[in-house]
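As structure tokens, here come the structures.
In the two complexes below, chain A is the common chain; its partner is chain B in one and chain C in the other.
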Partner chain A sequence: MEEKVLEIINQIRKNNNLDGLSNLNKTDNLRDDLGFTSFDLAELTVKIEDIFNIDIFEDGLVNTVGEIFQKLS
Partner chain B sequence: MLFLVDQNKSFTYINLLDEVNKETFYYPYFRTDNIYSFFKNFIIALTRDLTIVLIDEDIKSSELSIDETLINQIKKIESVSFESIDSLIDKVFNSNSDIIIYTSGTTGQPKKVVHKLSSLARSVRNGDSYNNQVWGFAYNPTHMAGTQVFLQALRNKNTLINIFKLTRKEIYDSIENFQISHISATPTFYRLLLPFESEFSSVIRITFGGEKSDVKLHQTIASIFPNAKINNIYASTEAGTIFATKGEYFYIPDYIKEKVIIKDNEILLHMSLLGKADNIKLDEDFYHTGDLIEWFNNDKTLFKFKGRKNELINIGGYKVNPNEVEEALSTIPQINQSVVYGKSNSVLGTILCADIVLNNQITEDELRMELSKILQNYKIPRRFKFVEKLELTRTGKTKRL
Partner chain C sequence: MNILITGVSRGVGIEICTVLLEQGNNIYGIARTHTDEFKNLEYNYKGKIHFKSFDLSDGDNVNEEVFKDFIGKNPIHGFVNNAATAYDDIISNLNLDRLKNMYNVNVFTPMMLTKYVLRNMLLYKVKGSIVHISSISVHTGYKGLAMYASSKGALEAFSKNTAREWGQLGIRSNIVVPGFMETAMSSTLSEEQKDRIYKRTSLKTVTSIRSVAETVAFLLSDKAESITGQNIHVDNGTI
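The block that comes next holds the complex of A and B.
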């Protein structure tokens, strides 16, 4: 699951001309550390929902990679 | 007195006066990501009664059907000699400039709307009680909402702090460091401030604009900014600011009562409220906004927005015309057919999607690369589905959000 999330995040980063990451830290902040905008976060939710069938932002925003893992586990 | 702070650079009203006075050229079509340069150029045009076209930093000339060489072309002008910032501001608000704003047309390409300052400044208030406000600037400066905040702040010599496109932490730091008192932004912007972590007491006014928002978001924002009065505002590129809320509901202010009618739950605006546009269709002098409302009370004085009648899709406050995106997709040789639609999304309200039938193989990356050459970023779909054929009856044109 964590690998799949990394793949999705790298895909979005690539579209923004940002370098791919080799690994994710649970404390990584989606906006401050990964540089995601609201449009990127929206894309992230849709991509994750397509694969895992869970809307990670449904009950309010998640801020860190660790919070995504928690929602998906 | 501070005019603007952007990325730790400060510009005073004295800087502004001096630079506007001595400038000997301006850009009629100015594409820039520097907000001070953008505002300065805007003011220079207004003080000389010259035409100014407001264009986004990532717009392509092909999207506007204009010659690329026009963009950032210099035009020579005379210097001026305003003695004080007050006389400069008075001139700005009496300017006779044509101000051109582009908006998502209901068919095909963006259409241009020509405004005068009087229509843009219709809702601008001034007086002693508006002094010393510090505005968090959270809109795209080239769009109607950004123009409204800019003019409101300028009229009262308020300070603008640019917080557009900052990260959550940077936004909170700016609010704290500059003691921001007023913020006007889209619900998407406010969603990025969640969840509640601590209170910010300097903010006394919060305005929601641009798209539908929800009660839960309002409640959390109210707890982050406990001293703030919260209201909503309705503005359109065609007409500028029209309505604001009284409590939770919108009302039609007295001074435009004769100029607004509601027909089949749709808001119609009288032509005297509008800027000039080439292809605005009028129905007995009234313009169909496409915005649908729902009355709250039997007297029909208070209402809420329900949605849109036409096909424009509201993506986090940006209106996208799916026809324009489909036209752009159709220029890519590998694409046979496409349909562009909105899907509800917890971050942006709606996210832009495209279903695509291919002639020849192209990857999603390559597709995005091609689109980024011809479309602004917010018009590029964030979800592509490659399909065998389009199911028009179920997810096709009639089913767009």
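The block that comes next holds the complex of A and C.
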């Protein structure tokens, strides 16, 4: 699951001309560390929902990679 | 193009489906009732038209029922928010339950549908087009239509802001503002009342349902690629 999330995050970073990451840290902040805008977060949400059938934004904002893993586990 | 349309049981909804099918589009239609008029279109356009029975007063199950069960993994290129319910009365008689029910159908569920339409367009990277059907009552005012007009005014503001928010992804949102048409919704009006309404228009007649449907189809198409955030009046020039 964590590898799939990394793959999705790298897809979005690539679209924004950002370098791909080799690994994710649970404390990584999606906006500050990964450079995601609100539209990037929206794209991340729909891509994750498409694969895992879970809406990570359903009950409020998600800030870190660890919070995504928690919702998907 | 795959087009999601609400309120496809009769009137304007059926006419919009007809125009879009004639142009070769695929229709995903939603309504409470599966009418003979819609079944007739299904017969004539087999495989190009799909129906889902869904009550728009239920905003909680939009994702599950409409998007996961009905649309599935298909990209949506256009969304037409056409369904509406009318609640006519003078304001001093306003009933809160009836008002809330109307807002569920006319505003809240359409907003939830828009949420998931945008998510679908985002997932499939579609530069889609959204069209809401409003009402001339928002712009002129008619006795007894204050509550109904307020719900359509909310949609106009929502559309304008959808256009601004999602324009950078190439997604457009527009409003079609029809004048008074001969539909079930206006069937309670007397001939005298209708004549008074038509006299307030430049063309002095009833608004053509076909003209409304053709305008919706135009706004959904690439011909309207530079039009967003607009209210397009199809109202015989209502004064």
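Everything that follows uses one rule, which is that the second predicted complex is superposed on the first by the 73 of 73 C-alpha atoms of A that agree within 3 Å, B and C clash if a C-alpha of one lies under 4 Å from a C-alpha of the other, contacts with A are read in each partner's own complex, and residues count from 1 in each chain.
Methods note: a contact is a pair of C-beta atoms (placed from the backbone, for glycine too) under 8 Å apart; a residue touches a chain by one contact, two chains touch by 3 or more.
This structure is a prediction, so every number in the text was calculated from the model and none was measured.
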Mind telling me which of the two, chain B or chain C, contacts the most residues of chain A? B
First (chain B), second (chain C), both or neither: which does A:Leu61 touch? first
First (chain B), second (chain C), both or neither: which does A:Leu41 touch? first
Taking the superposition as given, does A:Arg31 touch the first partner, chain B, the second, chain C, both, or neither? first
Chain B versus chain C as contact partner of A:Arg13, first or second or both or neither: neither
May I ask you to decide whether A:Lys71 touches chain B, chain C, both, or neither, giving the answer as first, second, both or neither? neither
Overlap of chain B and chain C contacts on chain A, residues 39, 42-43, 45-47, 50, 55
With touch defined as at the start, can you tell me which chain C residues reach chain A in the complex? 63, 73, 119-120, 122-123, 168-169
Could you pull out which chain B residues touch chain A in their complex? 165, 167-169, 188-189, 191-192, 194-195, 216, 220, 315-316, 343, 345-348, 351, 353, 365, 368, 377-378, 382-383
Residues of chain A defined as touching chain C within the complex: 39, 42-43, 45-47, 49-50, 55
What residues on chain A touch chain B, complex-wise? 14-15, 29, 31-32, 37-39, 41-43, 45-47, 50, 55, 57-58, 60-61, 63
